[in-house]
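Here it is, the structure, as structure tokens.
Read from first to last, the chains carry the letters A, B, C, D and E; within each, the first residue is number 1.
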């Protein structure tokens, strides 16, 4: 008697964006992971006299302005940029989302307070914060991550609060209250999973922002310290080489685009397969 | 509504106050001596000391903060340490640039995003939709300064259609608008891509609503339904994001103003932080905070305009 | 007496019309009183906006009345600490109107049903979920499925299973069958009656459909604009309504 | 004037309407009843040319003799509102919350009938009066959230009537309303249909409303039309076992006392639940729940059998007395 | 009307060269808007300016200047010896914030016997006195207008200040009343502040600006060299780029360690990698274009193996040293290469790119560093090494202090040059720092613009001699 109205399983038809996104992300993460074990050359090995070398059998993509192997630099750059972006987004995202959830859960003056703090975070130049961290703890990639995470907090706080407020009006939340759950348990069990979609979308956007923010901080000496490359730093260093060696800007730029698009598509795809409403619609 | 206004105004003042305390504290724990930055490596110690006295840097922190905040309350933001002119003059000089840029960026963002987002929603799961989703994903991924360089290379250096940078001021509106085109695109493309996606998903959400079906049943064309019924209802989430984006555009000017050598606030705050010009940094951060809070406030008011139902909840 | 609502009033402050005027106040529920014994069903009928759901929310202690008291099993709900209230909540549960909105789409049905048990740390949670599912006419295996895999009627059964899994003394059903079609509605009503017989449930049954109320309620309360128009044993109210509104409802439903 | 001929609406995962044949002529008032998911809404949407994009439509749909089954969206746009109009189930959400209701009603008048703003507004006012909205002048300028459910439903009716359609489809127009309002709306629809000589397709699972509103009735189950005939006759003496089950399940407003054992009488129900529409059993959809099931029911789809001026699709049909 | 548009990297925050060290103030205004008693030719030769002529007493301590006649400030007030008196008193005062107060240190007194004469008496001989007087720090400003100079500079020069749009541009117009106004061809000069090198290149390539002296990106030169619209000049500046070591702290208080560092570095590689070959290596602290220059670049030839051994002998092999680098392209790029070179010699250098304010505070003020890279842009600044242990070099050497005393008081040029050579040799021998290269002055100038100095012994660039076709 349990003839449920399960629609015929749509096979294993995963959305294109999910597959494409997963492939791109795997590519980037793979390269980053591989760089821990192996790179075609020592990424710090320079040979100034062989700068801007054209691609050949030894240097697959040629060399950079100091004669270092571009492939190796890009691989190690993948590792560093991924670390920055993922860490910053995870950190800022989780704090921000937690704040947003808290604001929505408690409401009233707490919500006001959290949102005003978020305003302050919005208004406060990340640059100033990065300089402060560098000044107090010395410049490092970690501090760059912290600074970027910091600018992410208010963004996620806003997005998650808005989404959470909507979910709080749903009847299943009232049902959970009736079940005796307190606000924190409800936030954890019901609100968080159901605001995942907008939060994930925001995370993919912030992911791109983080990679580029690191570049901007590196430019001021507040990001990754030499000799570790990041894509952002490679890109900003290649700015003035646009006319002479455009490939030095194109490759890291392409890497950034690939990584960001990969995570973006993956995020879209994940939302498409996890949102039951979209599943139903299909 | 009155209560709402009151609560927001109190929030506004408290926010600015908190910002001022934080900036003041941060600027003071930062290593870096404004006097040394101004006078350079060859300055003698007594010259430095004299300048510090002049700038009031030798007073205790609290006294400096108190004097600053009491003056700020009456609209006097002090004299810039490095430029030696009233900070308010500095800001007044540069504000038009940044506002022009941010506003044109906002206009560009909104128009492009609405067109693309609605077009994508209208062609849900068709080529147009995929196209917009792909292009917007790309738009998010392209670094702003990188895009800026590319635009300059193509449109200023090679084609010579537009100037590579600089801002002639509004006395010559045509020149001013031409000068704004490239920076606007570089500044706003990312935001526009983000907004296009928000527009699309929020339009799709609205298109599932019953009243859209009613409108179609009334025999209206797709276009009419989209612009008359879907868009206005999709605006609430769009406006939320737009409010955040305005703040992002204002802060985004830091990079863009450098690449296009535009005389705006972004570059000013960058310089002032480097110069440890406390009064200027302080005033600018307060200004940014005010802009952010005001933008959010305007968004809240816009909700009321957009959605008559919300008037009941304010 | 399991539930006693005494002289309860609930006002909502509406937005100010002008800056200097005091905000208008909407009295959603005015001076409402009711009592409910174990194993009995009280029906509340009334037009849309008459304050039925507001009353239900107050009984569920989701919001507090501005005046009056609500006692559950002798305890004043609004005097309890939040911990005590949470522990007491297993004793009174609610079934909502919307069979689609009242289940978290991202959780399996079993998870949702077990939710009140987790709060209690009940050791035999899995067993009780199976039991509850069987009681509402579903299978234990259905626990692993997601809400969107069920029909509206089945979801309402799931919602009821969640409400009875803690073996509550009181069930508040706010328009629990309004969204269902006739044959499913009949099944659910029968189910509620079965449960009442089996568990000795008291029920607060909210509806705007007199026919439905008539088939299940012992007592009846008619509301309009927040006021209680009349109340009493169901058969006497239905047979001899004292208020014109009740009469009009009856004529509309009959005929 | 409207004719469906072996018309089907199918999705990848379900057949929502299976080879339905049906005609609607001017002045008809036809009720459609059936369990949730039986295809009532899909039938209505098909007549509006608004079946979901995902649906595959087959068969013929003739409107004034033109086959519209494969008509383009713009051809349909010309017909909607003027030839056929629809009011939807949920009055709370079927109105654009951001438009004043007067504008919503005036829109089709301006667009389809090229009325000026003033003309359209005057006409909207007339319509508001006609559907019985109190104080219509002021109501024109209100937003949906400022009106009660019954009033909103009237606005929707006014909107549907605006361009004087030949057929008005009402898809569960009263489900969300309380008994008084339900009654009034039902009477209003009947009155309007009679005054205007308009055909009415009244969809509901509330049998009492259908009984009041319609001359003929169509019973649907699992995508099939299982019975049709004059409303009063069908309700009095249902031919199809499903129709009988449906009628039996309806609660009646007389007070039910508890029995001697302290228990109350259960309502009669149809055992089992609606089959999933993707279980494309070749036979009768009702088989498995049917109290009078025969061996062939599971394998052979019963044809519509003519019973004088009514018909039903059942192998075990007892010709009513 | 002839208009010249000049791109500049740095925008000053004030327009008063006597109160602010920013080089671009001098680049725009010194000897253009403001004038000093003397001026300097590209060769470094001192020429008359507001002083028509001067005499020096035999003991080298008393200078008598005859002032130019009929000179007016841009605001119409007259120039005379009282202004000179005022300008010097102001710069020398206790509370003066003059960034180069050391210029005025040797002065015992300044007197004005009459309106056209100024007599300056020194406490001790100063070989650079007349040269120093040409600097912006010694500009002759008027008491009436001095307070406004930070924003509206008033001087006596060939160009008048017109307007300043902060963040964007500063405009000067020709002063028709200047003494030699007939020789000035340009009517209007617009300085545009374009900090970003790529933006500057774009502005040049799209004809937005006519000249960019001090172009910061040597890597972009090929683009301009191949373009017939531009001429690229690479000259010298007074900027010695050094890898500074903290002599007050181990391990760099050990001369052998410092020598090892000098041996470890490969100047050619650094110049190729950081400056794209556009720089002249230096072996000591003196510009190669100077008269007293000795080439000491061969004293510590690059030899990684030897350096490694030297580090081992000194017992520092395998240690980590921090290299704190300010945010200038020449420094950060050099740092990366030096890091690699030190690694080859067995030293792990931890590069820390720091922000400028941080550098000033931590490195310069607090001497909190092991190594850093910095360009010293002031002329005649070998005296830095005699500034004692508090200066960020942490270098205190009685022998050099005595030597510098001699140099700075020796009025005879030949003798002074000999002493300067000795100083160079001594600093190299002590390997106080690793001396890298002389900062080039790269100017990219439209071919139709003539008259920009190829090299510059000073920070200013007179615009009076520039022509635009």
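In the analysis below, contacts are C-beta pairs under 8 Å (C-beta built on N, C-alpha and C of every residue); 3 or more make two chains touch, one makes a residue touch a chain.
Since this is a predicted model, take the numbers as computed values, not measurements.
S.K.: Return the chains shared as contacts by chain B and chain C, ordered by label.
M.R.: A, D
S.K.: Looking at C-alpha means, what's the farthest chain from chain B?
M.R.: Farthest by centroid: D.
S.K.: Most contacts: which chain pair?
M.R.: B-E
S.K.: In terms of CA centroid distance, which chain is the most far removed from chain A?
M.R.: Farthest by centroid: D.
S.K.: Rounded to the nearest whole Å, what is the centre-to-centre distance of chain C and chain E, using the mean of the C-alpha atoms as each centre?
M.R.: Computed from C-alpha means, the inter-chain centre distance equals 85 Å.
S.K.: Roughly how far is chain A from chain D, centre to centre by C-alpha average, rounded to an integer in Å?
M.R.: 51
S.K.: Using mean CA coordinates as chain centres, what's the gap between chain B and chain E in Å?
M.R.: 39
S.K.: If you average the Cα atoms of chain A and of chain B to get two centres, how far apart are those centres in Å?
M.R.: Here the centre of chain B sits 22 Å away from the centre of chain A.
S.K.: Mind pulling the residue numbers of chain E that touch at least two other chains?
M.R.: Residues 196, 198, 355, 357-358 of chain E each touch two or more of the other chains.
S.K.: Show the residues in chain B shared as contacts by 2 or more other chains, in ascending order.
M.R.: Expected reply: 30-32, 149, 153, 273, 312.
S.K.: Where in chain A do residues touch at least two different other chains?
M.R.: In chain A, 1, 4-6, 131, 135, 239, 242 touch at least two other chains.
S.K.: Mind pulling up the chain B residues that touch chain A in the complex?
M.R.: Touching chain A: residues 7, 11, 14-15, 18-19, 22-23, 26-27, 29-32, 133, 137-138, 140-146, 149, 153, 190, 194, 197, 237, 240, 244, 247, 251, 254-255, 269-270, 273, 281, 285, 288-293, 296 of chain B.
S.K.: Please give the residue numbers of chain D that touch chain B in the complex, ascending.
M.R.: For this pair, the touching residues of chain D are 48, 50, 73-74, 76-82, 85-86, 88-90, 93-99, 107-108, 111-112, 143, 145, 156, 159-160, 162-163.
S.K.: Can you check the complex and tell me which residues of chain A touch chain C?
M.R.: Within the complex, chain A contacts chain C at residues 1-2, 4-6, 170-172, 174-182, 185, 189-190, 193-194, 274, 276-277, 279-280.
S.K.: In their shared complex, at which residues does chain C touch chain D?
M.R.: Spelled out, the residues of chain C in touch with chain D are 39, 46-49, 151-154, 178-187, 189-190, 193-194, 197, 208-212, 214-216, 218, 234-235, 238-239, 248-250, 252-255.
S.K.: Within the complex, which stretch of chain B touches chain E?
M.R.: Answer in residue numbers: 30-33, 36-44, 46-47, 50-51, 53-54, 80, 82-85, 90, 93-94, 97, 149, 152-153, 156-157, 160, 163-167, 169, 257-264, 267-268, 271, 273-277.
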